[in-house]
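Two complexes, one shared chain (chain A), two partners (chain B, chain C).
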Partner chain A sequence: MSAYSITEPSGRSKWFAGTLVILYALITMIPLAWIMLTGFKSPADAISYPPKVLFEPTLEGYVNLFTTRTRQTQEFLEANPPQNWADEIVRDYDMVIVGPSKFGERFLNSVIIGFGSTFLSIFLGTLAAYAFSRFKIPLADDLLFFILSTRMMPPIAVAIPIFLMYRNLGLSDTHLGMILLYTAVNISLAVWLLKGFIDEIPREYEEAALIDGYTRFQAFYKVVLPQAATGIASTAIFCLIFAWNEYAFAVLLTSATAQTAPPFIPTIIGVGGLDWPAVAAGATIFLLPVMIFTILLRKHLLRGITFGAVRK
Partner chain B sequence: MTDSLANQAAQATPPRVARKIRGFSDRAIAWIFVAPTIFLLLAINIFPLIWTIQLSFTNFKANRLNREPEFIGLRNYERILTDSDIWLNMQATAHFLFWTITLQVLIGFALAWLIHRNFKGSNFWTTVIVLPMMLSPAVVGNFWKFLYQPQIGLFNYIVTFFTGGEASSFEMLGSVNLAPWSIVIVDTWMWTPFVMLICLAGLRSIPDYIYEAAEVDRASKLRQFFTITIPMVLPFLMLAVLFRGIENFKMFDLVVQLTGGGPGSTTELTSINLKREAFEKWRTGYASAYAIILFVTVFGLASIYVKALNKVKER
Partner chain C sequence: MAEIVIKNVRKEFGDFVAVRESSFTIEDGEFFMLLGPSGCGKTTTLRMIAGLELPTSGEIYLDGEEIGQRPPSERDIAFVFQMFALYPHLNVYKNLSYPLVSQGMPRAQVRAKVDEVAGILGIRDILKKPVGGLSGGDRQRVALGRAIVREPKAFMMDEPLGALDAEFREHMAEELRALHDRMGATTVYVTHDQLEAMQMGDKIVVMNNAVVEQFGTPQEIYDKPATMFVADFIGSPSMNFLDFSGKVAAGANSVDLNGVTLGVPALRDGASGDLVFGVRPEHIALNDGGAYRGKILATEYLGTTQILTVDTANGEIKARIASDQVAKVGETVGLDFNADTVTLFDRASGQALPSALNEGVLAHG
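The block that comes next holds the complex of A and B.
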């Protein structure tokens, strides 16, 4: 092998490509960086012109995000000294903290519904994918296409009858209802991706296990499942991210008890429409887990992102 | 006598049948494994779809349950297809689709082409570029509204920093001319990485020896690009366009948070219009017919497109 390859780009073209890509990446990061910065600004700094890059950081946005506050008279404020650092921050505005906001609850709903639906889609999806991969199922290709085509429907189109159906069944605004709904949306992709992963596991492993006296079930969970673990994990992350980010169904079908964070965060802005630091703080807390996940698990995510079109 | 015969028969049983007796047959297992998924999809996808079709022939209003819905035949469909406002929504959607896809394909392909040079750190920077598409469109769209504020927003500041002029001289979200572009910009920012990833996979699928052979034949780099790179990446690119097309036809969350369809109805994409009809005006029957028309449109366009795609793949 010669050291020089005609298909390997030259050093100069690499440098040029690298510069352009990094430039694009930096520009594309500006809005996200701005969200995170704004979370640590005071409301006055957040709406100043020109936009401030350097400012005195404060946790006001985060305090406003997690608490509800009321304005109090000067006498009341003097009679009751601030109880903690958060209380001290809101005292600057002649306010006192009266209780927690709904953000914690909404965030918890996102966690419950996200993990619940991910678990269910992976559980059902793995079973179905295994069956599609290993057994002769009549009309398998049609069924698989049917499963995938359910993803083409606009959520709003399906939302009308689901809204009616859930109202009749008492499932609207419940965690269970949302978990089932997100599972139904996610499962198509889950089956599609998982089948690809299971197809890659040689059948010989199971056949050996069957000859050793394992039943099909045992062969499935003792031989196939451990082999498919990475594939299952990356599919799970993808389902989780979808459920985490979903907005259309959440805004139409949930209100008080099962509302997730995406429909809630825009309402943090408040009546005056000026509390952008609190919105930014909420957005940061909500977006950061996904960003960290993406960076840590980038290799496993690619296949999910590209809908299984890319096998690698 | 019968005893030994039974024994003989038992011994002659091939292992596969023996397994069937011990547990479930493979066929039973296949159905046990597939049934829950199919059942869930039938209950939450197909049953609602059938119900929508049925509702679309009535004047049902979901906020008036005591009124018995009437069967009105195809009148909902007739009304929608002759409504000029709906064609405005379709135009807004077409504008959005055309420009987001064009920009995402151009920028996405260019990025993939650059990243394919495998410069130092290309993996890390690819991940950074991918970040926007992993995030919640509603939450991000809501924040872009802040960036687009004419007086205080970062977007106007940066634009006027380069072009000069007053930052408050234009309103991305408030102006009838600019609002359709504001949603194109955010969608392009968010989804270009998706096209890039698929293009990158396409570029990586081209074996080196093809370029080597072209080099031996003294084909110029430009010629190699147009006769090898582009045709080999095309099927991937078309797949990316299909996915983006379907997704953006359904587009709801990002735009509803960003502009809410305004100003007027300049950015009122079909999904937003549909939501208004169904959940604000509560014209359930009418909205159902609308939903069916949209669904048939996506499905029809997608099927035609897939046929074209398969032809390109065969070449």
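The block that comes next holds the complex of A and C.
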């Protein structure tokens, strides 16, 4: 018999919990793995039944995702040998690459709008949260409630007024318009979360900086901001995930110039039949930025989530 | 270094008055204690001197210059916080150099200065460490180092030993006092611990309910309390208060307590009504023949002395006598009071009556 402790879990229960967590992780990761694998399958392998787990990988899906192609006659194909590896892949279907698809552009739009609105939400949110946390603001509680109230109905409920307003203001289908829209939705979350984090930072740190000869603003960015890094990181991830995944407003308000990736990916299905590998390739690439961003900030994230939760 | 003059300073937070018109002078090089119970306004006063709060009215002079409404960066005063407030994202070296960097001091000079201060405080070996893992004492030294590194005109310390455990506190108090004596810098120190104030301070201001009760040396404050609050707050056990009513004339050197005549220092003014006879426990002696009598309720043995609790016609009092003197619970004993040390108070106002003892001291308050 080993020593028995009430607070420390026993070896067996640790082993049991570990197995359970690993099993759960594997199950939730199957769809993700499936999507990523499908991206490297040929169209035939992608829809074969029973599904193939082992297959010959091809970049066809990625080539189809990033290019537009036309079918050509045998004479034309023989007269023009393939120019690169991508061209060679599409030759199997008697096609030639005629140019890039819109995916790159749409993806770039997502990056600009997603990160742009996240940056703006965090920038404005941090300043507002600091002011609410540290200064005596008349009607501070009412203002905070007002900020929160913008989240009390689903944003899509005001889609039509926003659509009309954007059309009149010339903000429809512009990057600026989408950045402002996502910032407006995220700012309440940002202010509330960040206020919680900044409230936790003792004022003495700023006072020490004031005494040490710094101005209020220097104290804010040299002392408070590094302390709030955890909160800022986790808030930024939440904001980015919303802006990155947003579909409804993107469908409604963007088309030619500022369209983001979410409304674009389904349109791949329509071009040249059900090209599942291309859809899967698009989904995989679309997942990457949020994944990388979250991995980069992960050491702040977990602490951030529990940090604000435990109030004194 | 500097002289600090506080003149009619008042601070309000909305409807709440934290400090009422207070005046006192901190002389150059003094180790000055702001003493009082929590919520008495002592920390607010300290923060006003440092510039972390601006007074609602009144003036603060630093070396003859009025600084009451200036931001802290223009005052050249250092502050040691109770929780130390070391910048947690910087290591010890960076914490120490922070105030110098803000002045735009050249790098080599910063390094030399930090090294010098680290040498004084004995923290050279931890300069590269993050502040998070430091012991309480080392944090305290770093906090002190950050204060002394830029050689300010004066130091403000807000209960700097409050976060340390009792054993270490004693040691740090000595270290702090030694550091002060070495540097000779004007230091204002807030504490609620009367022992700490007596032990370390050159002068003490006792505050209560937003007002200054008394201002003077530890001896003056202990021996010649200006108010009943001060007499009660300082000393352990605190001063005994024997209530009586009667009339005393100017020049009188005795009072009548329940028919027993007790000597007091010659009074300067007459008074009548509800009065209080105040005497410290160590100025009471047992005397079998004494006219003033009481019954011993309890004894506490403290090594060199013992504390007796005695029930008298004017209430329970405590006496401190040598521990080898025999005193039994239940015994009725005669008590002698050292007449030269007695202070009479007016019960209603709590103020000491002026007498030969406290002449010249009361004028400060």
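We take it that the second predicted complex is superposed on the first by the 273 of 312 C-alpha atoms of A that agree within 3 Å, B and C clash if a C-alpha of one lies under 4 Å from a C-alpha of the other, contacts with A are read in each partner's own complex, and residues count from 1 in each chain.
The definition used in the following text is that a contact is a pair of C-beta atoms (placed from the backbone, for glycine too) under 8 Å apart; a residue touches a chain by one contact, two chains touch by 3 or more.
Remember, it's a predicted structure, so these values are computed and weren't measured experimentally.
By the touch criterion stated above, A:T215 is placed in contact with chain B and with chain C alike. When the shared chain is aligned, no partner comes close enough to touch A:L148: not chain B, not chain C. Shared-chain residue A:L59: touches no atom of chain B or chain C.
Of the two partner chains, neither chain B nor chain C is touched by A:V111.
Judged by the touch definition given at the top, the superposed model places A:M36 against neither chain B nor chain C.
When the two structures are aligned on the shared chain, A:Y205 is found in touch with chain C, with no touch to chain B.
Partner contacting the larger number of chain A residues, of chain B and chain C: B. Residue contacts after overlaying the shared chain place A:L77 against neither chain B nor chain C. Overlaid on A, the two complexes show chain B and chain C touching the same residues of chain A, namely 210-211, 215. Considering their complex, residues 15, 19, 22-24, 26-27, 29-34, 36-38, 40-41, 43-49, 51-52, 55, 62, 107, 111, 114-115, 117-123, 125-140, 142-144, 146-147, 149, 151-154, 157-158, 167, 189, 194, 197-198, 201, 204, 208, 211-212, 215, 236, 239, 243, 246, 249-250, 252-253, 257, 271, 274-275, 278-279, 284, 287-288, 291-292, 294-295, 298-299, 302 of chain B touch chain A.
The touching residues of chain A, when paired with chain C in their complex, are 202, 204-205, 207-215, 218, 223, 226-227.
Chain A makes touch with chain B in their complex at residues 5-7, 9, 13-15, 17-18, 20-22, 24-25, 28-32, 34-35, 38, 46-51, 124-125, 127-128, 130-132, 134-137, 143, 146-147, 149-150, 152-165, 180-181, 183-184, 187-188, 191, 210-211, 215-217, 241, 244-245, 247-248, 251-252, 261-263, 265-266, 276, 279-280, 283, 286-287, 290-291, 293-295, 298, 301-302, 305-307, 309-310, 312.
Partner chain A is touched in their complex by these residues of chain C: 50-52, 71-73, 77-79, 81, 83, 85-89, 98-99, 102-103, 146, 150.
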